[in-house]
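The structures considered in this document are given below.
Both complexes below contain subunit A, partnered by subunit B and then by subunit C.
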Partner chain A sequence: MASAPLPIAPRAESGRRFGFLLAAGFLLLLVILALFASLVAPYDPIAQNLKMAFAAPSFAHPLGTDNIGRDVLSRVIWGARPALLGVVITLITTSLVGIPWGLAAGYLGGITDLLLMRLADALLVFPGIILALVLTTVLGPSLQSSMIALGIVYSPVLARVVRSGVLSVRDREYITVTRLYGYSALYRMWHHVLPNALAPCVVQLTLIAGMSLLAQTGLGFLGVGLKPPFPSWGGSLSESFRYIVINPSASFAPGLTVALTVLALYRIGDELRDRLSLRH
Partner chain B sequence: MTALLEIRDLVVTYRLGFGRTLRAVSGVSLQLDQGRTLALIGESGSGKSTVARAVCGLGPVESGSITIAGTDVTAAPDRAVAAGKIGVQIVFQDPTTALDPRWPIWRSVAEPRGRLFPPSPDRHRARAVALLERVGLDAAMADRRASQLSGGQRQRVTIARALSAEPRLIILDEAVSALDVSVRNEVLALLDDLKREAGLTYLLISHDMGAVIQIATDVAVMYLGQIVEQGPAQQVIGAPAHPYTQALLRAVPSLEGLAMPARMRLTGEIGDPARPPSGCRFHPRCPSANAHCAREIPIARPYQGRSVACHRVEELA
Partner chain C sequence: MLRVVSRRLIAILPTAFFGSVLIFMLVQIIPGGAAETLAGADASPELIATIRDQLGLNRPLHVQYLSWLWDAMQGDFGHSLLDNRNIGEGILDRLPVTIELTSAALVIALLVGVPLGVTSAVRRYSAVDSAITSVSGLGLALPEFWLAMLAVNIFALKLAWFPATGINALEDGFWPHVQSLVMPAVTLASGAAAAITRFTRSGMIDALNSTYIRTAWALGLPARQIFFRFALRNALIPVVTIVGIVAGGLLGGAVLVEDVFVIPGLGAMLVQGVLQKDYPSVQSVALVLTVAVISINLAVDLTCAVLDPRTRG
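Coming up: the complex of A and B.
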């Protein structure tokens, strides 16, 4: 009786493992494609060829061509560059803003905590993409500024996670006892509180990476971010979706790539969460 | 010879919120000489841990003085830093939360030296490994994390960490209470060795009479924030005078002591320190209390080589 669930568990386990390897492999492939886009992409991503417009997938154009005859595969490959760069900029901005924010709130407590967390609530009330649009117009329209704007928009989410991590370790004895060794609050924060509160924060960052890619695609679709001739996944989608019936591959290729990338990021977040909670 | 640790009229009050307060320690005076082991015993809620935290500066102090090696630490801007500098260290009950789970144990052991005895981090490692060996751990364990050790091994690590600060006074806050009996005895024997070797003084906080009997030279018994009896361990443990001390010691399970007279049995809960009883705080639970005990607060006075706070100590003898 007790051994009944056993035959299922290892298979589920190996399935999960396979999913993680697939996700990690996909992201790795994407990074390689982005880094070596100029070598890997079969065509110039902005070269138009109106005679070849709306071509169906073929040997010469594996994913077909778009409405002005550009190679869809090449555009998807080149589009990985701004996509990944954007995610990295967002994550760096979020970390730089959100981690000190959460640390200060959790460790200092009291009125500081109250004010910082109400500010976080206030920011979280706004729909992220609207706030990002406003911030982008303030910072000046460019890929970098819209990604920095997204980073700021997501930072209260990270700040909350960091704060709760800090609260859970702040009063542990290995931290309070260092006062007897003459160490300052800053030492405790940097050497004990932050590293021990960071694990849930890493998981949250993978979620933010996924959200930021979706938001970035949305902004690209609306025409904020990278200027038109240059390939971005969101931009490609907005140019092709009108012809989705006669030329589906030009819309599906960037769309599916975004979806798969976001799923892969979330899957890696799941794995990190499992592994980090196993330890301790 | 002046005492290494002298506590005078220590009062600690916790704020409970909504204007309510709890006086956990009300007027405790203690003296601990160099090289002795003073056991502070009592039930949970008696205030013994609060005294320990106050001494090392990790807990609050409302009034009174705590003098360590001639310096009144209650006057210092940061009492914990001051106590650490003078040579006070503490070993906690639960070594799991007392060690950073991310650090190799040698690094935890070396940590106190960073500020107390600065330069050269690589010599810190060598010292830390030597200390780990001194407390009975293998040098090969130095790079392990606390989670890879047993409870007894972890407690040895925290003892090594306290030693690396080169302390004079170590507060053992229920330091062996969480260990199982065989490990507990080994750790107590180690503590006794270390004390002789390094000329240490211990303040042992415990509800575990076995540990007290094994290493204490002096005993102070606390009840609801006050000391009811204190003196050399031989007198206090050997021939307890205060009815509470008697009850506490009779409550220690032993093969012979199974049939204890009903008069000695401790019933009920320790009172609420937020609303202490009138007169002698122990009177509601005392088998020998009379009307006088409920009215008058007993003053500690010398009795047979110790000090006792009980109105009827002579009559009951």
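Coming up: the complex of A and C.
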């Protein structure tokens, strides 16, 4: 479409690379903290210490303490567990629903395609968090059910991407050749069509991971999700909000962590998109 | 034009149908049954039967759906399971504030996003461009309700420039009303403004790279005319297309922002319904929001058809 290749200054290129490495490093750190939370976190995340309530950041409590004296840093570290687990549940649900959906629509075509894509349009109309709230009513308010609900919400987005990927390779010669081998339609879709349509899928899943973390934090803030006293970033934000005047640091840390994580996920998604589109 | 309108109206029918069926089916697919869940773990069979009767769950499925839809279209949403209040009246009470908040946020997002996107595209790869791109990237990643929390802390509780909670009624004066709307609308608009900035930028860059703009440069037309008269007009078409999605997202974000500012809108009603298992309320609010989003998308489609004859097909 562009009449001339876009000039990219070498300095901008190295800056982008640095940003990507920073994003990947941050996510890796978060995964490690989540896995080894019991070793890394300085305090028990649900141990109350009313004498130490509303402590300002200090050497003993780098991010201060909350309204009932719990260590904010420890709660942020432990909160990474449900956050990352939730994102993984959402991504798995989205893939389980969205990939077969898009494959069937793109590969079978015709009336099946029309019906499946109409259904996708209908679901896409709903604002994600509202549909997740409504589905959570049905599945019951818990972390798992709200994450599964979010996975269902995002699946039509993925289905569309898979469908257009399938359409772009379906009639190529190397796919047609596999018909001669007499493989079943299902086998050919899975082993020959899908792998060639996977790259845009991975990019989309990275973006969905970011969106789902934002939505998950919002649901936690509304009280739909992990039940107190277990630490979650959204729940911590909701608890700390009431005391934000006297103790702003307890509201600051979880929100900033969410923002940085989402920023890192989007950065990685952008980078993957650029690299994968370079190959074409 | 009449043909365009009727075609678009027919095109939204399947979306509306699927949407309403989905919302209707919610109560049907509750694991263990809606009546059993509401009655509690050790309820007598008689109680469960009474609740089933109350919710009308004994009738055939298609009869239930059609009567539910027919009543809803006439504004009869039934009664809340919590306090037996009329749901339709509750929605009417709460709808105006949610519509006002969402529209205000959309206007702010467009007023901020379009000029920033244009500036970014015109000064592509400059320091200004990378600053705008970084800020819009941040805007996409920050949870709106967290910004709202921080804004409450700084501008309401510390500086006392704006009220921390609620929206002042318009009858109590125009300025107090606007003043109370500023923080909720601005914080809600942050993500949408970032998205619109990005869309305007890429639309504008595509337009500036096109052959008709090259021709315009070759003709020696003034830069101002090229940017605003030719490039911007074409660049805005994809922006108008995403306004529908952005508005839907704002309705979703409004649920959270209403919670932070304790604004009695539709979002608060939805959240309360979800937490208290008030199924009829949840279904009704979801249906109203769906109709709202579908109407916005229809309006956007028609606007596009007016702006761009190529999409009238």
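A few remarks follow.
As a working rule, the second predicted complex is superposed on the first by the 271 of 280 C-alpha atoms of A that agree within 3 Å, B and C clash if a C-alpha of one lies under 4 Å from a C-alpha of the other, contacts with A are read in each partner's own complex, and residues count from 1 in each chain.
To be clear about the criterion, a contact is a pair of C-beta atoms (placed from the backbone, for glycine too) under 8 Å apart; a residue touches a chain by one contact, two chains touch by 3 or more.
Only a predicted model underlies this, so the values are computations on that prediction, with no experimental measurement involved.
Steric overlap between subunit B and subunit C is absent once the structures are superposed on subunit A; the two fit side by side. In the superposition on chain A, contact of A:L133 is made with subunit C only, not with subunit B.
When the shared chain is aligned, no partner comes close enough to touch A:R275: not subunit B, not subunit C. When both complexes are overlaid on chain A, the residue A:H192 reaches subunit B alone and has no touch with subunit C.
Set side by side, subunit B and subunit C differ in how many residues of subunit A they touch, and the one touching more is C. In the superposition on chain A, A:V177 makes contact with subunit B only, not with subunit C. Of the two partner chains placed by the overlay, neither subunit B nor subunit C lies in contact with A:R17.
Once chain A of one complex is fitted onto chain A of the other, the partner contacts of A:R242 are absent, as it touches neither subunit B nor subunit C. Measuring only between alpha carbons, the smallest separation of subunit B from subunit C in this overlay is 16 Å. Residue ranges on subunit A touching subunit C, taken from their complex, read 1-4, 7-9, 12, 118-119, 121-123, 125-130, 133-141, 210, 214, 217-218, 221-224, 237, 241, 244-245, 248, 251-252, 255, 258-260, 262-263, 266-267.
On the side of subunit B, the complex with subunit A involves touching residues 56-58, 78, 80-81, 83-85, 88-90, 92, 94, 97-102, 108, 111-112, 114-116, 147, 165. The residues of subunit A lying in touch with subunit B in their complex are 172-183, 192, 195-196, 279-280. Interface of subunit C with subunit A (complex): residues 14-15, 17-19, 22-23, 26, 29-31, 125, 130, 137-138, 140-143, 145-146, 149-150, 152-153, 157-158, 206, 209-211, 214, 248-249, 251-253, 255-256, 259-260, 270-271, 273-275, 277, 279, 282, 286, 289-290, 293-294, 297.
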